[in-house]
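Each of the next two complexes has chain A plus one more chain, namely chain B in the first and chain C in the second.
So, the complex of A and B:
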């Protein structure tokens, strides 16, 4: 736990000293929120604001996890992590947590921006189930970040993978608009991701159906975390066998 | 302390190409408390050897042990006993200070919190970076980065240190400071495996060394013994001020000349002539065959480790 906290602080420090990432993290939720609010004629619902915030959070998680591992490999510090006696799980969990910390900022920034720029803070009526669903979504993002990090250790194509994944995932997970608007097979694909279960709950009031979606999301989050941990324990060996820790 | 037995490492090549064999049955045994040098041309397998011992690569065949522990099956225990400093600009968090880099490394190695502050100050002092502890690493010179690499490798007080080309790219003053640091490590009881391209550095620092080429050991002994083992009795150097082509051929035809190569500088082409031990061929013979060309500085010297190294590689190539 101590190492995970150290990695969390390290990553936040590194991100805070990267002007590009800092500006991206700052502006992305504002841009997404503006688009969402304008598409709703300036009357954004809580659901729309949270959806826009989650879009920013997903981008941050994806780029954060990719950049964290890409930069570790690029700067040669990935070997420091792998060559240490501790498992990779704790530092990677810390890195993932750092990017989700920015994701939480994304949610809050989206809400503040909607109040300041569009004079709307959401309808407020069923804010509680929406906020809980958003928090469950954030937990899912941590799990996805851990799983992606394991993949990124093994492959040198982290940034390419990131670019491919960004938009399709939040579309098929119904982050901004309900996935029921999509072709049904995409909905099934979305349900393979924790976010694909937690986002439908954003549209539901407290109740059994709402709880069912969030329960499924939490189960999938646990599965992702477990697979991510197993993968991270194995990638250590795999990367040593393949010799993929350095950039060529 | 460090044993490599018949270690082979191959890397998969890109589609259609044959796999690359970086190590080919490498066998070494390094004693506790030694400074051991690993010499060889680019691509000889020096860094691959260090990376296997540092548990960052697995051997394809053979076994490697540090302090009796297998680098594949006991990797975590090996990692607690070793410190690794890969030289160069990479491998540090440039946006953080030296102290922050060391603090994170200390946490990776599970140093107790109460010991961390003192230990970081101690290793910064050992490498002479105390005054720059809170500067961002991106502002460091290459020499300072090299020293920070070593400080980080020392943070958990390991018994064994792997230094991969630590003085590469350093200016002479920084390189000397680094060599003094390595000698200081021996006084502290560390076992050091050092890879280097600089022969005088290996000569000055190492108790023993191995010359490797194409992933195999071609010489293994003390620096003096390696120098004596090759068939080089003396080295004659002659500056040729005219065209050196004919001179090269004429000198090569002299009896007992092991090798001749040309070192170019601004003023002349210097012929470096290696003559076999016990040979009667000397400067007089060389100047005789070069009577038709204009010569400058002429001298004879004892072979250095570099002469022995080049002779070994030439013998291996032939």
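So, the complex of A and C:
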């Protein structure tokens, strides 16, 4: 736990000082929130604001998970991290938590932007179910980040892989629009990801259906975390056997 | 002059092979071909969910926007990667013209931008079941070439900042997103707040999108040609700014000896 917290704080400091991540966390929700609001006669609904914030959170998770280990590989410290007597799981969990924490900036930025630029902070009404759904979505992103990091340790193409994963997840998880708009096979694909279960809850009031979606998302989050931990342990061994960690 | 052109062509060819990830074709195809198509589908669904625009509106907008990815991000990455790999100082220190080297890098940007733009447009038109005439398709391809040229010129101008600034990826990201918002690729320009609508006049793809939408809606190509010429002028203006920026900032980079910083 101590190691995970240390990794979280260190990575959060590194990411907060990176203009690239700062801009991504702020600009992505601002741009997509603005486009959706301009398409809706200048009105940004709560769904649009939270959706745009989650888009930014996914981008920071995706690029952050890749960047963390890419930079470790690039600066030659990945070998030290893997070779250390402690498990790789705790630091990777901390890194992933840090990128999702940066995603909170995205949610706040989208809300402030909609108030400043479109004179609307959402639809009003009960915000509690939406806030809880957004938090569950963030928890799901941490788990996905851990799993992605495991993949990124063994591949040297992490940064390239991230470039193609941004839109597909926004699309199949119905982040900015209800996933019911999608072609059914896309919906099924989206349901393989925790975010694909938590975003439908953004459109629902507190209730059994809302709870069911979030419950499914939390179960899937736990599964992703478990698979991520197993993968990281396997990768830990594999990386030593292959001896490729020094390769860029 | 021949030497200058040879340097530009060689630089374009080598840059294309080494820095545009051509050596990993699978990755190249996925990032340059698949990503714009996914973006198009995303905006088609978003527009449909909000009851905004028609499918053809989004196909044209996102097809032209695809050239911005190759032109802006590609060109900026070329200089940023030269710095990352430690070869930027050799380019600026060599007796050959560094301007020729960087101008040469425009060529793959324009070729790839046009290719991706046309491909995204064709896939989109097939997807929505629209069958344009040969004349309309020819105009679409011409608009894609002009749009790619102006996007690459903007990319070159921004990449000049890479001579003095270490982290220019965020500049590329911001420029790409600015084009996405202000060009009217996904929102009709009359729906953009008037206080910021003028920005669209200065960014690439705006006029190419206008012209192509007009032609695909059934208007004559002759009438839309004026918009295409304005798009070309925007590209030429950005190209001039890029050349001037390269010259001034290359000098500044030598004076401050900051090229090896990463």
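Heads up, the rule we're going with is that the second predicted complex is superposed on the first by the 246 of 248 C-alpha atoms of A that agree within 3 Å, B and C clash if a C-alpha of one lies under 4 Å from a C-alpha of the other, contacts with A are read in each partner's own complex, and residues count from 1 in each chain.
One rule holds for everything that comes next: contacts are C-beta pairs under 8 Å (C-beta built on N, C-alpha and C of every residue); 3 or more make two chains touch, one makes a residue touch a chain.
Predicted model only: the values in this text are computed from it and were never measured.
Novice: Have a look at where A:147 lands relative to chain B and chain C in the superposition and call it first, second, both or neither.
Specialist: Neither chain B nor chain C is touched by A:147.
Novice: Kindly classify A:164 by the partners it touches after superposition: chain B alone (first), chain C alone (second), both, or neither?
Specialist: Once the two structures are laid over each other on A, A:164 reaches chain C alone.
Novice: Once the shared chain is lined up, is A:110 touching chain B (first), chain C (second), both, or neither of them?
Specialist: The answer is neither, since A:110 touches no partner chain.
Novice: Overlap the chain B and chain C contact sets on chain A and report the shared residues.
Specialist: 18.
Novice: Would you mind writing out the residues of chain B in touch with chain A in their complex?
Specialist: It comes out as residues 11-12, 54-58, 75-77, 79-80, 84, 86, 88, 90-96, 100, 103-105, 107-110, 113, 152.
Novice: In the complex formed with chain A, which residues of chain C make contact?
Specialist: Its residues touching chain A are 21, 24, 27, 30-31, 34-35, 38-39, 41-42, 45-50, 52-53, 167, 169-170, 173-174, 177, 180-181, 186-187, 191-193.
Novice: Which bits of chain A are touching chain C when the two form their complex?
Specialist: Touching chain C: residues 18-20, 22-24, 27-28, 31, 34-36, 38-42, 157, 160, 163-164, 166-168, 170-171, 176-178, 181-182 of chain A.
Novice: Can you list the residues on chain A that touch chain B in the complex?
Specialist: Residues of chain A touching chain B: 2-3, 6-7, 10, 13-14, 17-18, 75-77, 79-86, 91, 236-237, 240-243, 245.
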